[in-house]
């Protein structure tokens, strides 16, 4: 039988040790673990996903999205709303006229990113999303959702460069496919 | 005779659970658990979604360890559709599921000690460690709680070498934390007074009521689905099942501590054995890209895993369409709650709170 | 030192005592009766201390008797309330006029 | 009740030790030029009263900050550090918050009693300050029954808690009130009995005299340096923790069981008053413990009031340390602990004191340790429920 | 200090009046809980009176035992027997008029007697101060027998209370 009351004293020893180490040690070794949020921030991991955004190349008009509506259909809580832009002739312009995402409904699952065949919708790192009213403030429209590819490269470098390479390859392939038709006489270097 | 409603708004009912307690002085002579305040139509929603999209909803069942739910659901659909899982993905799954178990267990222990009245100290120590694991989850899966990490026949993202190194470091440090935690409270006389011989659940009652998980094992019944089913690749690891003697609150508390140690053992082995290779079956990539094209053959499947709370089962019936015809979750929290009254009768009010805490319920799973 | 005329104190304690008697006579609730009795004992105590202060040559005597009275009062309260509780448990009432089994 | 002018106003030389005493004397002599004698007596009372009235809330405010800081550190957090440097203005922010909060009274509450309870609970808490010797010649009222006064006044605290719990018409409050009554009555007994040895040794009930009896060379005459002093101090301190409802004895307001116990239905300033009383009680009880066992304001080098506050501060930190470490007792264990463990121990302690009064030498030390050891062992053996069971866990494959 | 003494004297009369008001509250209020609180107030007032009569020790004991213990017990009993909602039951029986009449006679008779009696107020007693030490010596000297008897009475009451208040255990140990 151990001494009656020993457990109590040992517990007090542990708390006292933690009290002392909170002054001397680094966070990882028993020091204060708090991150003082607005001033200090922990970096977000690259894979971190929050709300979706739309990527454009160069200028906001050059949006990657073609308003195919796959993400709208696959979104589990159905928080995406897309309307196709019509050109002067009334034909679909393969561009979204309206692209709304209700952040109040979105559950950050990342399915839109997974299903998008045009690499145009990705999950953002910005988590400080707040609005006074959920019906108005949290529904984000196309204008707010559009972010540049540079921003995307900044927050998720690995994924962005992989996608850039893929897109480059596809483009080159396309160019190469187009080139033989246009410049056969030059006997150019076709694609392999 | 006094009738008191504990909950749905009460500091220690772990959510919107409600107990109607009949008291005689401080003694409980009747207790009725009331569920359903967090009912979100989980099963019905799932029956209207493609298979892959349901995965995101399983996160919301037991939101303390979403990865176990992912695991169970992925296992069930793989069984239904006959999908193969690559070797590396198997290991990653085990690693993530065991980390989730650790997260769950330390959170539960911390909350239970908080219910006992230890003013947040053990809880915050536990959360300090939990935070490290959650940071890892964020780095790997993209989210801290709602991981949505598993997919059919694989996992969504690879564990990089850096991640593996972090895990390695973590499991090396973890025993020290457990030592400190145990020194803080497990031998504490007040804690022993409060927990020992309180809320005794006999092994027989537990088996009859269908109790599973640490609650059952604390009652001395050797039943762990990791050993019984040997799902995934659990047969390759050497680990033990800790069993309690009396089935009281203290046993339920301590069995969890011991299970964390066993999980660390599994993690250690998995980290040394993990091979290189694919993390997802190439054939199954299309399920991710086009969820609605995935139509499992007509049939039914029941898959179960040892979630930290007990046997977590998914029952899925396919009629050949993209959506399951029937989808049911066997939620361990709900079934473990059924013996609450039995354990609480004749105890004091304060005991009812810790008995509830020791069952480890998550209302997201109980009410679905 | 404050010196009140002794009769004033005595009249005061007399009034207190009378109020106590009134309560003991008219209360239906047994606890109410007990409270009134405490009041009466208290009035008696005031007298004891006043006498010990003003008249006696051994000034401790009055105080010691008051001490005894307080002890007795505490005893009476404890036993009386225990009886009340026992009664309440059996008869579900604490009204004195509803307990008349031995009264005929 | 004799009313006289404080004996000497002149003739006190300035020193750090007598800082406050001199200050008060100066104010009084200054006033003495304009005012009649009887008003000076009133002024003397008023000065002490105002100081205590300001001291009480101030102590409460900064004890909450101290508690939050210390527990924060224990839990590897910062604690409040936003309002002002090191969060020093946090209590003021809290106060503003409390003042501006809505005062909610339940519809069916007993309105008058509901209002009176928080007021009534502060009064005894402030009254105890009167007999606490803050330093040499710094006792507000040097009662010759000081200690008994303290015990009596602190026993009133039960009543307001009852009032609050009953008037709220809330079942949690009612349960909390019942627990309070049981707990405070039970712990008052060992506490009073733990004080008895001190009275025996100093042969006085006056707090000032008790401190003076502990005067001695090298300050080794503090009562805690005797066997009965250690035991008495531990018991007194545990009972004091229980008396002011602090963890691990915080059953009346057990947050995880009874939401907030007797003050569940209180909000705003009324709630703050309950808290104020609790913290002031914690302070005065620690102060009394210092007076009784730790030599009060006795100590070398530093001014007496600094010694007193330093010792009290340490004891309060220990109380906070308890809060940061321990789980809560259960009702029956709590009562059992008081009646079956502390009470016999106090009785044995009185015996030890008698022994000490006969011979205070090494042999008495040894005898005391022997008696204590045997009685502790017996008590632990008799209270099997307090002793943890040894458990073995099977590891099955 | 004549001013202070006069002030103190009239304060004492005020305290007496307050005690009487609270005492009336004890016997007339409908809510029993309020009655108990009034009792507590009256008892604290009495303690103040004891201080005026230079019985500080008794005052402290009064508060400790009466307010701290007896009133608490009473409130405990009230809480256990009354319903939380506080039903308004008729608290007084129909004897209040005869009681008042009888008591008026009793009070007037005794008042007359008190005023007529030549009390032997001795100046020496007025000067004498009772110290706690003196009380203790008296208790252990002249009054040791009643003291011991009281302690036996207290023990008996303690045991009796426990026995009475204890619930009947169902005897199923055979």
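Labels A, B, C, D and E are assigned to the chains in the order they are written; within every chain, residues are numbered from 1.
Convention: a contact is a pair of C-beta atoms (placed from the backbone, for glycine too) under 8 Å apart; a residue touches a chain by one contact, two chains touch by 3 or more.
These numbers come from a predicted model, not from an experiment.
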Chains touching both subunit A and subunit D: B
Which of C-E and B-D has more C-beta pairs touching across its chains: C-E
Chain nearest the global centroid, as defined over all protein CA atoms shown: D
Interchain centroid distance [CA atoms averaged], subunit B/subunit D, Å: 45
Subunit D and subunit E: spacing of chain centres that average the CA atoms, whole Å: 28
Centre-of-Cα separation between subunit D and subunit C, whole angstrom: 33
Subunit A-subunit E separation of Cα centroids, rounded to whole Å: 77
Residue list for subunit E, restricted to those that touch at least two other chains: 5, 8, 52, 54, 57, 61-62, 69, 76
Per-residue multi-chain contacts in subunit B, two or more chains: 121, 125, 128, 184-185, 187-192
Residue numbers of subunit D (touch at least two other chains): 1, 74-77, 171, 174, 324-326, 386-388
Complex interface listing, subunit D residues touching subunit A: 70, 73-78, 321-322, 324-326, 376, 380, 386-388
Partner subunit C, residues of subunit E touching it in the complex: 5, 8-9, 12-13, 16, 19-20, 23-24, 26-27, 32, 35-36, 39, 42-43, 46, 49-50, 52-55, 57-58, 61-62, 65-66, 69-70, 73-74, 76-78, 80-81, 89-93, 95-96, 99-100, 103, 106-107, 110-111, 114-115, 119-122, 124-126, 128-130, 134-135, 138-139, 143, 146, 150, 153-154, 157-158, 160-162, 164-165, 167
Interface residues, subunit A side, partner subunit B - complex: 2, 4-8, 10-11, 13-15, 18, 33, 42, 44-49, 73-74, 76, 107-111, 114-115, 117, 123
Residues of subunit B defined as touching subunit D within the complex: 2, 4, 10-12, 23, 26, 113-121, 124-125, 128, 184-185, 187-194, 196-197, 220, 222, 227, 239-246, 250-251, 254-255, 258, 348-351, 353
Complex contact set, residues of subunit D against subunit E: 1, 3, 37-38, 41-42, 108, 110, 113, 143-145, 148-149, 151-153, 155-156, 158-159, 162-163, 166, 169, 171, 174, 177-178, 181, 185, 188, 203, 205
